[in-house]
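The two complexes that follow have chain A in common; it is paired with chain B in the first and with chain C in the second.
And then the complex of A and B:
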């Protein structure tokens, strides 16, 4: 599970109000490089819940990866930024698409119901009495 | 990637070894899957560089096909954990990365658009914010074993997608699907792109013939007010 998926996933358990964002707990994760697509990031960024993304990177023990506040778009999409090591767009790309959580869990913020992640697949199944 | 090449790669995927009848698990054949995705990309630009979700992904044929056509992020969702493991292996065999979520489609809670009226939400808890998913592709259960299963998929697809939903439904249900999509599921348009033959091999014991061809429609649904 990548953090882009975490950013769109919410809990639907009975008793949850929004069920979002799910608190990430990761015991095992890895990174895999993928090519950066600036146009894709540009289209996606307005839909991203920045707070949830930052919290997810902190949960992985990466406090330096993203700043508290989203940098201005002029800075993120400045010409040539994608080619600069450590630039905002490279960090955002890395956080959203290159980090894979393999083992851990997602915890509903409203009910504390825990959804385990095994072999990279979050188990969002609900029991009958939880629907 | 050429159509034939896509079809060839999808033809090499491992399919359900023990299909579950209650889930209407029928493989999405490489012929039909490749045409569905190829049309979505070449006629409508709905796959390459997009966030694509495969509802009821099974062994991941449509999810893997979307990744082969260079969707930026692919999310496969299924209720059957064994299928998800197969989908993961199928993707890994082709050195593709797809994200998978184990969930019942009707209980899925992905962020949906604020523009959807409250009464259309299946479940009022559904979180309202930006829509992450551009395109939903699916070969849903036709609802022959559990009535209404196809509509649950379509209704959720139209809530989650910002661009389009591609789906297969029996040609015999065409009028019903159209009515339901436009009146009940928040679709702005519902169009049959083509009619395909779905070759069903003898999958379950209750199948009397070796193979039957059923006519299915390839649909493109556009959600309302999210353009």
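And then the complex of A and C:
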């Protein structure tokens, strides 16, 4: 599960108010290289909940990866930024698309219902009594 | 500019929409609508020969042809006729300034004789090539890598069995190739050599056509809510799109048939970037956070409609003796509990899909999905398709699957933003649709209509010789 997915998911268990953001508990994760496409990131960024993304990187023990506040777009999409090691766009790309959680769970903030992540696939199905 | 567009003689309904979608993809918004079509004289729309006007220059025509699956080639038409004498007259009259730049002494060329619905022996082919002396070829012949390829294409009159529609008269075309399809994709991606497939895996050609209808390309995000073994996403990823998929069946998405035979391995097999996300979720209760919208550039899918595989959703109940109401899962069993599911009728499934797409597809993005239609019944010629106020249906392409039913590939484009009023209106339309299709929209009815024994033997002799959409 990429952190992009984590950013999009919420718990819809009965009794949850927003069910978002889910607390990420990862026991195993890795990085997988994905080709950087600046236009793709540009389209994606306005839809990302920055706070939840930063918290997810912290939960994985990567406090240095992203700053507390989202950098201004001029900085992220500055000419040639994609080619500079450690630039904002590279870090955002890495956080959103290259970090892959293999084992762990997503915990609903309202009900503490735990959604397991197994072999990289979050299981968002509800039990019969939760629908 | 007008071109001669020659199609493969298959999936007839899918051919023009594919060219229009690719024109949209390469020429930008409005490119698809600006495409115009004409038929050559004495040709029926089922014929492989069409005349097409594409926006932009020749490079665009080449791009369209190269990415297409059903275009055999796009040609600059230099002349045509019903006999070789007429062809000569027509080619001679074609302006020299269009012809001479391609006939220069420095260039290399090749002439190909092609035919449809007839066979031309190699001796006859040589005679045809030698008869073209009225064209002043100055360059050298190069059969392997020519700069310019010229085609003579001949069709016969409608005969008893040559696959041509009844109105076609013999015609001969001479053209210069501008671009041709790369069908090498198909042997590479064919299902029989794919590691992980399921009973309803989408065949490679159709999956590529769907990806073309969904305008898959680099920088775009494509979602399939019924991902199964990932056969549709493989095609989208081949064209450079980022992909995401969900399925209700965890065995299919997570486990597959082992560590080297699962959805991930299908992407590895073709050296494609793996999906950004696969998850197990129920399309009836999608797990997207409140306020999230317009995430996907396209949703491309084949919903389960209960003929080969039925849909499931959350909410079945475990019937335990004496227990009424939903089964309560004991705490110690919660971790590995597999929740039961309930059948998911087609009407509900399509409603959920349109609703999801209205919310999650970007403006101008596309929804591409299959929809089943019973044949030989009232209104089979113009079936009523599901509608949504956020979407405009741009094409519907029928593929006949059996005597009883076909599936239709619907391509819709999002034209209105998603608001609460829209949501309410959509629910009303859905209700209306559901009432009209009451008969076979419910679980199992479509299946039994398709597999019901026939009243008598279908009269085989009454079948027309020309097979049209059956190819």
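Annotations
Note that in this section the second predicted complex is superposed on the first by the 131 of 131 C-alpha atoms of A that agree within 3 Å, B and C clash if a C-alpha of one lies under 4 Å from a C-alpha of the other, contacts with A are read in each partner's own complex, and residues count from 1 in each chain.
Please note the rule applied: a residue touches a chain if its C-beta (ideal position, glycine included) is under 8 Å from a C-beta of that chain, and two chains touch if they have at least 3 such contacts.
From a predicted model like this one, the values you see are computed outputs, not experimental measurements.
Of the two partner chains, chain B and chain C are each touched by A:19.
With both structures placed on the common chain, the touch criterion links A:120 to chain B and to chain C. When the two structures are aligned on the shared chain, A:47 is found in touch with chain B and with chain C.
Of the two partner chains placed by the overlay, only chain C lies in contact with A:128; chain B stays clear of it. Of the two partner chains, both chain B and chain C are touched by A:34.
Residues 1-2, 4-5, 7-12, 18-20, 32, 34, 37, 39-40, 44, 47, 49, 97, 119-126, 131 of chain A lie in contact with chain B in one complex and with chain C in the other. Residue ranges on chain C touching chain A, taken from their complex, read 218-221, 242, 244, 248, 250, 253-255, 264, 273-274, 276-282, 285-290, 292-295, 314-318, 326-329, 334-335, 337, 339-340, 362. The part of chain B that touches chain A in the complex is made up of residues 49, 51, 72-73, 75, 79, 81, 84-85, 88, 97, 99-104, 107-111, 123, 125-127, 129-133. On the chain A side of its complex with chain B, the touching residues are 1-2, 4-5, 7-12, 16-20, 32, 34, 37, 39-40, 44, 46-49, 97, 100, 119-126, 131.
Across the interface of their complex, chain C is touched by residues 1-2, 4-5, 7-12, 18-21, 32, 34-35, 37, 39-40, 43-44, 47, 49, 97, 116, 118-129, 131 of chain A.
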